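Read through the structure below, which is laid out as structure tokens, and then see the notes.
Chains: A, B, C and D, in written order; residue numbering restarts at 1 for each.
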Amino acid sequence: MSNILTVLIFFPLIAAILGLFVSQKSIRVYGITVAAAEFLLSLWLWMSFDTNEAGMQFVEKLKLIPEFGISYYLGVDGISLFIVIMATLMTLIGIIALSVKENLKNMIITLLFLEVAMVGVFVSLDVILFYVFWEFSLVPMLYIIGAWGGDKRLYASIKFFIYTFAGSLVMLVGILYVAYAYYSTTGVWSFSLTDWYGLILPFSVQKYLFWAFFLGFAIKVPMVPFHTWLPYAHGQAPTVGSVILAAVLLKMGSYGFVRFSLPLFPDASVAYITPVVIIAIIMIIYTAMVAYAQKDMKQVIAYSSISHMGIIVLGTFAMNVEGIAGSVFQMLSHGIVSGALFLLVGAIYDRRHTKLLSEFGGIAKVMPNYATIFVIMTMASVGLPLTIGFIGEYLSLLGFFKVSPLLTVIAGTSIILGAVYMLSVVKKTFFGPLTNPENEKLKDLSTKELTALIPLVAIVVWLGIYPKPVLGPINNSTKALVQLMHKKSITPKAQEIILVSKDKGVNK
Amino acid sequence: MIQLPDFSSLNLITMSPMFVILLGALTILCIDLVKPNLDKTLYVVLTMLTLFIALGVTLSLNINERGLFDTILIDGVSVLGQTLIIAGSMLFIPLALTKRRFHDFSYPEFFSLFLFMVFGFQFMAASDNLILIFVGLETGSLALYTLIAMHNTKLAHEAAIKYFTMGAMAAGFFTMGAAIIYATTGSVEMYAIAKVLQDRMGEAGILIPIIGGALFMIVAIGFKVSLIPFHMWTPDTYEGASAPMAGYMSIVPKVAMMVVAIRLFGIYMELNIDIIKITIIVLAIITTTLANMMALVQKDVKRMLAYSSISHAGFVLVAIALDTTKGYSSIFLYYGLFMFTNLGAFTMLWISRHKYNVHHDRFHHPYSKFAGMIKIAPISAVIMAVFMLSLAGVPPFSLFWGKLYVLSAIVDSGYYGVAIIMALNSAIAVYYYLKLIVYMFLKEPDESRKNVVYANRAFSLELVIGIAAFVTITSIFYIEPLMSFITDLVGASGY
Amino acid sequence: MTDLTTQYLILSAILFSIGLAGVLRRKNLLMLFFATEIMLNATNVAFAAISVHLGDLSGQMFALFIIAVAASEVAVGLGLLILIYKKYGTLDLDNLSIMKG
Amino acid sequence: MESYVYIALFAPLVSSLFAALFAQKPKVQLVGIATSILIGAALVASVILLLDIEETGKAVSVNLMDWIVVGDLDTKFGFTVDQVTVIMMTVVTLISTVVHVYSNYYMESDKSFNRFFSYLSAFVFSMMILVMSDNFLGLFIGWEGVGVCSWLLIGFWYHKKDETRDVNPSISPSWAANEAFIMNRIADLGMLVGIFLIYWNLGTLKYTEVFAHIGDLSHAMLVGIGIALFIGAMGKSAQFPLHTWLADAMEGPTPVSALIHAATMVTAGVYLVIRANPLYSQIPEVGYGIAVLGTFVAIFAASMALVNRDLKRVIAYSTLSQLGYMFAAAGLGAYWVALFHLAAHAAFKALLFIGAGNVMHAMHDELDMFKMGGLKKVMGWTFLYMGIGSLALSGIYPFAGFFSKDTILEVAFNEHTYGIWFVLWLTAGLTAFYSFRQVFLVFFGDERYHEIGAHPHEAKPYALWAMAPLAIAAVTVGFFKEDFVEFVTKFLPEYEMSEHTEHMVVILTIITTLVALTGIVVAYLKYAKGLKRDLEFEQNNKIYKLLYNQYYIPVIYDRVFAKPYKELSDIAWKEIDMQVVDASVDGIAKFVEKSGDASRKAQNGNLSSYLNWMAAGLVFITVIAAIAVAVQ
């Protein structure tokens, strides 16, 4: 089936529209069914994915606006494949764990729309198409945060929307410029990424474009100092909102770096490694500290995800296979882990209607399963070997170590600081005497919550021990990417830094 | 002494669309004369019919002909202009059939006046002769003033008088500009003007009168397309006028004037006099930015839309200064898309319009009125949201493509700074559009029955909204043919 | 240019300025309309003069059209004026400021 | 043989998972028994492997599966069992088995009985990975794994609340657990850096390949790698300045202390240095540094043990001090000596801890030795065991410590590093003193426990039987020294004493034994006849207070790192993030809105001002045009 990607995009759309006719009380089942079907579809995509093939697969191309070179152009490779699967998975999990009561129907339909946008972003190879999905993804999220959020939800949602919107508009100008550059070199308009990959821009141009794209992605990631929308968004969003925001939407930014910034502007990317990575390191350390200072459980996770995204950016700008593959894998692991953590916070919030750490303490006694899963996720989040969290973090650091050992060591403090804030959360929440009487009656995880969480735990362990099925395709595509960058880089510095294969070593 | 030209150069066929309209107008008057106080539906349908025929005729015109002693020029631009004008009018007319009786529509004169106005604007679009443009402009405008006043509320009168007075002054500027141009070139025919200027460019000090004339013209044009600081009438007039009339004003007169601007400034661009280029761009930037800022702080949706249409005008105006086919085409594309979305939005206001102010002592459409609309009327809330998102330029809705083309045109001409300013402007703009969405979706309806009710609901209105919504949502599928159609016509007329 | 034409043009400029000044300063709507009429007529003078100078008729045609338009403008204007007067009982335009902001 | 490797490796995992099945159920005796048996199986497997390697002399390697394969990085789950590994395996599994059996007694009344065994076996599994892995990344897995298990086990009694003790600002099991984890993380960063360096310079992490090509690297690079790896070792083996966690780890159940914080995990650092001997033998200066640090830690820890009243902490400090000995030996290049002391120490230190466990049980978890005394009558066996342990620790012939520790001293002497030798010699005396101070305080003198109304009792017989192997080992290990040497030096470099030393050996031994005996005698005189406290001295003597408060290091760490970091974080959040970053974002928004408000003032509704604006507009654009002209 060649047009599986189209199905993957539009099935949720159609389902969402049909969902309007499903009655309020049976909508949940409907939502789960649709999301599950979508997830299975994405699994099938993986099954029929040729893992030895590095390039784009399941390519579909359909001219939309030939005059202007805009086409409906889809395809996945090892880099995007798993993010797509994660997107569908997290949507499914999110819907399963859904705990909102009032107008559930709108919520589920909105989630399906969001899924369309998410899948679309990661499979579209036409830049305008990408941009369309990219922008459109804001709308359902705005509604989710704004309609089911906390007290400051309006502020949070609008801030989220406008902040990201502003960034991406600058990126749009950049996109249009690249298109024009392509036009003036080849004489035809094209927005298809694969065409653009062939385009070699002079450094003087690359440097501006790099920053134009950077702004768009950096706000989405979010990178310091553009990050302040995130704590509000997470703090106010309902659980499912936070889950999807952390798991998938943030990845759009880091994915953008891998998919656009690096291959389109290799020289500029190399030239600006230092500033970018210094920002990344500030993200890692500074937000880790901020996370440690938080009084609200959810805010800790929110800031921690900024810190982890820092690692991802670091790995991306390592400019070698180890680093980039690592950062891509880290995207997945962060998606799964932070998603799970947000689910867990949501679970406790549903019971106590507070997320303040001071309210808890010693609840490991009353909620052993909850505590167990939380600790597992904590360990994954601090990058314990044999959990999913280790591999990405390790590879990212390993990769960047080649570029700058010193900066890597500084960034590496994340493994310490991460432990500091996560363990202090665990201690404050689960350990110590059970003082607060309200906590004594707490129920342990319900079947619903367990069905949402157990798969994630399974994935965390499975990919921690046997990452090969995922890491393999990522590795192939990343190799291809790095080779491309190396081939089209023009400045000697880039030639030197972009490392296709290690030059030293015994088994070369 | 000049000798009379032969009648072959009369070539009345070129004026056929205008004649159709004129005929329609007169018919309506006559019918009323013969048999007074017939129901308005008749007139609506008649007007509709007239417009249909006119549209057909317009599209069947063959390009690049001159008529009426070479004063009428039917080139691609004028065809496009007329098409937009007529199409806009066709979207407007059904809005007269409302549930509530607004007695401006109950006069048959209203419709004939309306047609006269269309006639006037068509003249503007179809002529490259300053005299005819002036006449067309005044015909259209005077009719328009009257139509506004016919809404017959205190605010409507105030709106009309403001518009009228400023219009009169603008007319003064227009004529003065024309006089200066005439003095420098000795002609009122644009092609002639262009030729003469071409020859005289070399002369010392010729720049002063050229620019002087241009500046006066910019004021006159800027008034009509509502550039800051000539925009002052816009918010007030839109507020005073009935919602559909406001929506109408935000498109049709502007399109007519844009065509004139293209013709007139086209000359200067040809001569590439950068000063005028720069002036226009600066005006455009100021217009977009300030309008957005002022729109932020509005309490009334209609007034907000007024400011937003100002900012959109500014956004489009940049394209004129580029002097590229893509630029000019994108203007028409933009207005074509803007017409549906914006009229749709105004119609949403119209459909929810009470006869008397129940929501606010001054405003008919305060934001608070739409609070919690998703709970009261989900479908129309969604539609309104779509219009808002489209205006904000959120893909995949129609105006995004307009924005895309304009920005792309700007980038192609190398004005990256301008492009980024404009882009960031839409980030400001998105705030006030979101504000409405927030009210509709994220706020609770207030219990004191102050929130939106379809006082004015009628099939025709729903139809218009439906069309508008459909066009807005499905844009992706017709952008290609539409754009190539526009580009061909614009290219044909040598821009 | 002959100095006569120049003088005419100067005259028209002066008239235009007077008209403009009137438009800017006058608070009474009626007077304001007069001022606009003066502006238009100033241009008429200019057109006439130039057309004579150039020996080209279109200027005078323009002037005629302007006169016509001016007349219709007055018609519409006075109509509106009467409406306003009925509603407000005055022609002082400082009263017409319900809509602002 | 491979099958035995798998048994040794996975039996603990199975037992852990089995116990985990019952994790949330009330006590199931079966769990305790089953896990003990499974760990015992691992022990048997290890011993079989030991014997096999004994005769064949060949290492056994197995390759499980790929782990991380990216770019040029190709890491497998590969395990190899060579002489060093098999020794470690035997030690680990032996102690583990004993501790498992003993825990059945010690935890019998704990309601999280099953959970405990699950953690304990998990620890054994990680430890096995650590010692058996054939590459650095696999080592790191075990490295972190034991870290986590120790976190779980230290914090096993998570429900206890933080309290301030005279020596610690705030301490509780969970607090100590976090401290241990975080301190180890600091070291792990160093370890990672070492791994990165190896990878980017040699392109592999497999021991054999790495050490085969170690010669290709520049000396500076080797030094870098050596230091980085050693930083890792410092964390696990609690070397100064990362030592505080070990003493605090005593918050955990005593069997845990016996297994993790005496015998196995803390020796991982030593194991790493021994394992990386081809590297360290290339860089003697680093080795010397290690030796010096080890020596310092030896006396530093011993000095703290002199005055401490907490039964377990004393043993913890002695562990620290003995680790110092091992590093001294390893640093000086006598790797097999270090390994030998490691093995011997494991036996008698575990013995001591378990004995302490019995005492705690008897004293209802009272740890203050000043509140004990005269327990000899009630707990004869425990006294015997702890006596043996202490003798071994003090290095009295014929106990294990005598052989291992004396050899270390000889090495120090042989290397002509007389400073090190002297300090270690002195430490030997201190060691003897504090360990017998402990023995006498606990078992001799007047029965102070009546004051706190305790009714001590001897441990259950099977618990005592469980301790027997350790006791036997503590007594007999020494006599296998020659075989041991002959066995491990097939893998580890030989270490030959110089002629000169050979002559001195007898004298050295005598001196050392003398100082040890002196220590014992002093302890006897001071404490055997019951406790005579000199409170005035305890209050005012600066040195006493310094030692008693662990050189104030916990307090200093709290003041210098913990608190400032917390404050800094608060500033980062409240001041910077909220006040600066976010505020500026909102500032932009506010600015836009303000200017909107300002500009709408112009829209004052007055027609004539509108007209004026229009005229002004004309002027304005004229100005723009003028400027444009001027520009050109």
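Going forward, a contact is a pair of C-beta atoms (placed from the backbone, for glycine too) under 8 Å apart; a residue touches a chain by one contact, two chains touch by 3 or more.
All figures in this text were calculated on a predicted structure; none of them were measured in a lab.
K.L.:
Could you tell me which two chains share the largest number of C-beta contact pairs?
P.N.:
The chain pair sharing the largest number of C-beta contacts is A-D.
K.L.:
From the mean C-alpha coordinate of subunit A to that of subunit B, what's the distance rounded to whole Å?
P.N.:
Result: the chain centres lie 44 Å from each other.
K.L.:
Indicate the whole-number Å distance between the mean C-alpha point of subunit B and the mean C-alpha point of subunit C.
P.N.:
About 26 Å, centre to centre.
K.L.:
When the centre of a chain is set as the mean of its C-alpha atoms, what distance in Å lies between subunit A and subunit C?
P.N.:
Here the centre of subunit C sits 66 Å away from the centre of subunit A.
K.L.:
With chain centres taken as the means of their Cα atoms, state the distance from subunit A to subunit D in Å.
P.N.:
The computed centroid separation for subunit A versus subunit D comes out at 37 Å.
K.L.:
Spell out, as numbers or ranges, the residues of subunit C touching 2 or more other chains.
P.N.:
20, 23, 32, 93, 96, 98-101
K.L.:
Which subunit B residues touch at least two other chains?
P.N.:
161-162, 165, 169, 235-236, 297, 431
K.L.:
Spell out, as numbers or ranges, the residues of subunit A touching 2 or more other chains.
P.N.:
162
K.L.:
Of all possible chain pairs, which ones touch?
P.N.:
Going through each pair of chains, those in contact are A-B, A-D, B-C, B-D, C-D.
K.L.:
In the complex formed with subunit B, which residues of subunit A make contact?
P.N.:
By the definition above, subunit A touches subunit B via 64-68, 106, 128, 131-132, 135-136, 138-139, 142-143, 146-147, 153-154, 157-158, 161-162, 165-166, 169-170, 172-173, 176-177, 179-180, 183, 208.
K.L.:
Considering only the defined contacts, which subunit D positions touch subunit A in the complex?
P.N.:
Residues in contact with subunit A: 23-24, 65-74, 137, 140-141, 144-145, 148, 155, 158-162, 172-175, 178, 181-182, 185-186, 188-189, 192-193, 195-197, 199-204, 209, 212-213, 565-566, 568-570, 572-574, 576-577, 581-582, 585, 589.
K.L.:
Can you list the subunit B residues touching subunit C in their complex?
P.N.:
Touch residues, subunit B against subunit C: 2, 130-131, 134-135, 138, 142, 145-146, 149, 154-155, 157-162, 164-165, 168-169, 171-172, 175-176, 178-179, 182-183, 186-189, 235-236, 239-240, 297-298, 303, 362.
K.L.:
Write out the stretch or stretches of subunit D touching subunit C in their complex.
P.N.:
Contact set of subunit D toward subunit C: 600, 603-608, 611-612, 615.
K.L.:
Could you please specify the touching residues of subunit B with respect to subunit A in the complex?
P.N.:
374, 389, 394-396, 400, 404-405, 407-408, 411-412, 416, 419-420, 423-424, 426-427, 430-431, 434, 437-438, 441-442, 476, 479-480, 483-484, 487
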